[in-house]
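Pasting in a structure now, in structure tokens, and then I'll have a few things to ask.
To keep things simple, chains are lettered A, B, C and D as they appear, and every chain counts its residues starting from 1.
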Amino acid sequence: MTNRKSWVYLNDRLARYLFISSAILVSLIILCIIWFVGMQGLSTFKEASILEFFTSSKWSPDNGKFGALTFIAGSIGTTIIAILLGGPLGLAGAVFLAEIAPPWVRSIMRPATDLFAGIPSVVYGYVGITVIVSFTGKITDSPTGYGMLAAGIVLAIMILPTVISLSEDALRSLPRTYKEASLALGATRWQTIRRVLVPAASPGILTAIILAMARAIGETMAVQMVIGNSPRFPDSLGSPTSTLTSNIVMEMGNTPFGSTWNNALFMMAFILLIIALIMIILVRTASRKGAAR
Amino acid sequence: MKAHQSDRLASALLWVGASAIVMLLVAFLVLILGRGLPHLTVEFFNGPDGVRGQLFNSFYILFLSLVFSLPVGLGAGIYMAEYAPKNKLTDLIRLSTESLASVPSIVFGLFGMILFVNMLGLGFTILGGAATLALLNLPILVRVTEESLLAVPRSYREASLALGATMWQTLRKVILPTALPGLITGITLVAGRALGETAILIFTAGMNVSRIPFDVNPLAAGETLAVHLFAVKSNPLPGTNADQIADGTAALLIIMVIVFNICLTIPSRWLQHRHQGKNKA
Amino acid sequence: MPTRQKFDHELEELRTNILNLGNMVNEQITDAVRSLINQDLELANAIVVKDIALNDLQAIIEEKCILLIATQQPFARDLRKLVAGFKISIYLERMGDLSVDLAKVTIRIGEEEFIKPIVDIPRMSALVQEMIDIGLKAYVDEDCGAASEMSLIDDQIDKIYSGVFGELRSIMMEDPNKVTQANYLLFASRFLERLGDYCTNIAEEIVYICNGKRMDLNE
Amino acid sequence: MDKIVVDKLDLFYGDQQALNKICLTMKEKSVTALIGPSGCGKSTFLRTLNRMQDLTPSVKISGKITIDGQDIYAPGTDVVLLRKKVGMVFQNPNPFPKSVFENIAYGPRIHGESDKKRLNEIVETSLKDAALWNEVKDRLHESALGLSGGQQQRLCIARLLAVGPEILLMDEPTSALDPISTMKIEELIAELKDKYSIMIVTHNMHQASRVSDRTAFFLSGDLIEEDVTSILFTRPAKKKTEDYISGRFG
């Protein structure tokens, strides 16, 4: 019995150490990523100027011109389009699922949005190339249709599941009493949704939007396939341009590791990483505000 | 009366929005499957440009990445849910997990490239791809594990501990079995995402397929289906029927995602059902 | 912050009813003794009739006590107050019956001339009524000290009673013709002595309310 | 014989004092009820007795609790053994999502019993002791979550008995149950009293008065009064107790 006893206790302690070391390992990974990618990226500025990198749109590495503004603008532009298109539609879907959908509709729509999330991004890119570019070509009156609008539309579809599921969770996690109280006061369902539920769930909805933005700005393959991949500053919605991600994919294979050009691509990745980390901090503040209320 | 009208109008609009979302999905599926299904022939898999190798690599890399990430992800998730005291260290771990979850996959890809391809000098390998892919899985696994465990009522823990069980016994015999459906769903999610991941693998596992069928050598380069689709669609090799291959590959990917969803959600539903028993009021 | 307002209100109502009952008993005793002294048969008959109202009031109090115990489930002092109130109401009802018995003595004696001056009976009745007054006041104020005061008065009543008892016994021995009326008068004083005992019981209940202890004051 | 002796127990949540110099003794094979308003510390107190309070972070305890003469907060105390000896029933019935049988066999199993025959015996006697055997003997292998609330709570008690405790701590065991189930649990407590020492927290003063031998009244972390139940409910010594039990609190 004593033997068994100490065995049981030993197991308990071992398991505990195992779990905590796993947790610490996870934290070490992110630090490693920041360190490695950061070091590689920042070494760009041994030869290129920081100011030029962020303010010039002249990207001509062969001639020593490292202006990444085009890519930054492309990333931000596509993300904004994606949020403008996908945000309201996703929110509508979330409100619908949380408050309006009869159970049978819900039981169809939930798995459907989950499936949306499961579709690989290359498949989105594939659909973008095969269908969406010809559509955007007509709208923007450009010969190919490749460009920010096409990328924005693809991204809008891709962020739908994020927006829908997180916003729906936020709406559903509201106490039932909010809704009941409002309905009991004689408010219509829509008034309840607009004046009580959505404002109350706003921290969660904001979180959903920010995470969707994070996903959109970091998305690579789908964007790369429809953006046109031309290092031209995006002056119209329908002209080919590039984003941070698409340019990395395009050029990474052709540059020797350790060259300034290559390092500049790592710098772009580092920018993406920093943006992602900022988003996380935003999300944390948003949810903390929500909790404080 | 105005309130009622706007109520009805809003409802109608929301119905329209929701149907648009569903229609969009249906259109996606019809488009992809409609274009791709006719190409899914034996030739498509086994022919000279067949995707047999890519299909195998997809699952092989997925399998390896789960082997790497599951123990750590589950362990960290369990720690966060069950042990973590409220202190700075826990906060830091939580922040790191969240940050890791938000890292764009291309950044993972570049990180994997520095670490495995250049620093360790492995070149493009299945091993490097799987290990990097594991990093993508990790934060989701941690979060899913933590959430599934936290969804287990506190009372189960108290009951078990109050009966004189150790924490580990409680975890193994009560909490983990109860959380199993949630865990399985989470792992499905991770697997589905990993299966379709491209950006990471381009820079770590490369875009070549071994000539040997079903090559399990982890140090060989291994192009997956998703990477293949990207390759043929964005840089079509002249002289191949690239469009047909792309159509077929896209359809195959979608079918894999659907099958995956179905295969892994059914057992978890069944588990849930068995666990909760016939719940009469 | 006032809590249990409804219950407190009901307890107050119960107390008022018990006070009313006590006052009715007091009146009955006064009237009974007066009817005896004045040989007022009409008044005596009225007392018998009034007893019905007294019994009804007691029934109401009893019902109320049962209801409060069943629905309010009181503890501690509330419980003791209720139980004591219940018992006091029963004692008072008995006292009412004794007043009726006194009135019946009046009726029995009728117009017959008294065999002796009626002095001690009014004295006893005055003491009994004093006890009732003190008792009711003590019940309202939950005043433990009043109990011992009451038992002192009861001692006086007992003393007078034993005096009266001796006196009437010698009258009966001297003149057999006077036995009947002497017996009636003996009954009357006996009733008054019993009334005193009931008052002592009331005093015991008051002690119970105050500190939850049962005490025998009839020693 | 004194089963539990609590001496000058202080408990803090962070800076906030939740229990203040509690002194209480409990006799073997008796029922002690803890009453008091919400947040008075009675549940907290109960949970110090099997050190479930250890699970709450930032709790500090001083003072001494001895069970069978042993200081349960002494360094080196085996908490697992302590909890085996001092069992606990919770406010809401909390059976595991397993079968009736597995629920009860859980405790013996984690303590090393693997003999199938012995387990069967333990399950049967525990269910009988918890007055549940007749109701569930035909459905031992069905999910425990299919039982009614009252049955679930008795199952939790049976699960506890299967571990072989000496003391049963019950934290408002009937607050989630209907009156009939409540009565059944109360009957059960009366029967269990012959074998176990029971401490029960309850919000229902009538329950306390029905089931317990002694009652302790807690108020904002203080033990105001502890006495024989019949005395405490008819003539409490302290004004605060009087006010509380007669519903005139505050």
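Throughout what follows, a residue touches a chain if its C-beta (ideal position, glycine included) is under 8 Å from a C-beta of that chain, and two chains touch if they have at least 3 such contacts.
The structure presented is a predicted model; accordingly, all values stated were derived computationally and were not measured.
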Chain closest to the middle, measuring from C-alpha centroids that were averaged per chain: D
Most distant chain from chain A by Cα centroid: C
Highest-count interface - the chain pair sharing the most C-beta contacts: A-B
Rounded Å distance between chain B and chain D, as computed from the means of their C-alpha atoms: 46
Approximate Å spacing (C-alpha centroids) for the pair chain B, chain C: 91
Where chain C and chain D are represented by their mean Cα positions, the distance between them in whole Å: 52
Set of chain A residues in contact with two or more other chains: 9
Multi-chain contact sites of chain D, meaning residues that touch two or more partners: 80
Multi-partner residues of chain B (each touching 2 or more other chains): 166, 169
Partner chain B, residues of chain A touching it in the complex: 8-9, 11-12, 15-16, 18-27, 29-33, 36-37, 40, 89, 92-93, 95-97, 100-101, 105, 108-109, 111-123, 125-127, 129-131, 157, 160, 164, 187-191, 193-194, 211, 214, 217-221, 224-225, 245, 248-249, 252, 257, 265-266, 269-270, 272-273, 276-277, 279-280, 283-284
Chain D-facing residues of chain C, complex: 1, 3-4, 7, 73-80, 211-213
Of chain D, residues touching chain B in the complex: 50, 52, 55, 57-58, 80-85, 87-88, 90, 92, 94-99, 106-107, 109-111, 142-146, 156, 159-160, 163
Chain D contact footprint on chain B (complex, rising order): 85-86, 153, 155-156, 158-166, 169, 173-174, 177-178, 275-280
Interface residues, chain D side, partner chain C - complex: 205-206, 209, 233-236, 241-242, 245-250
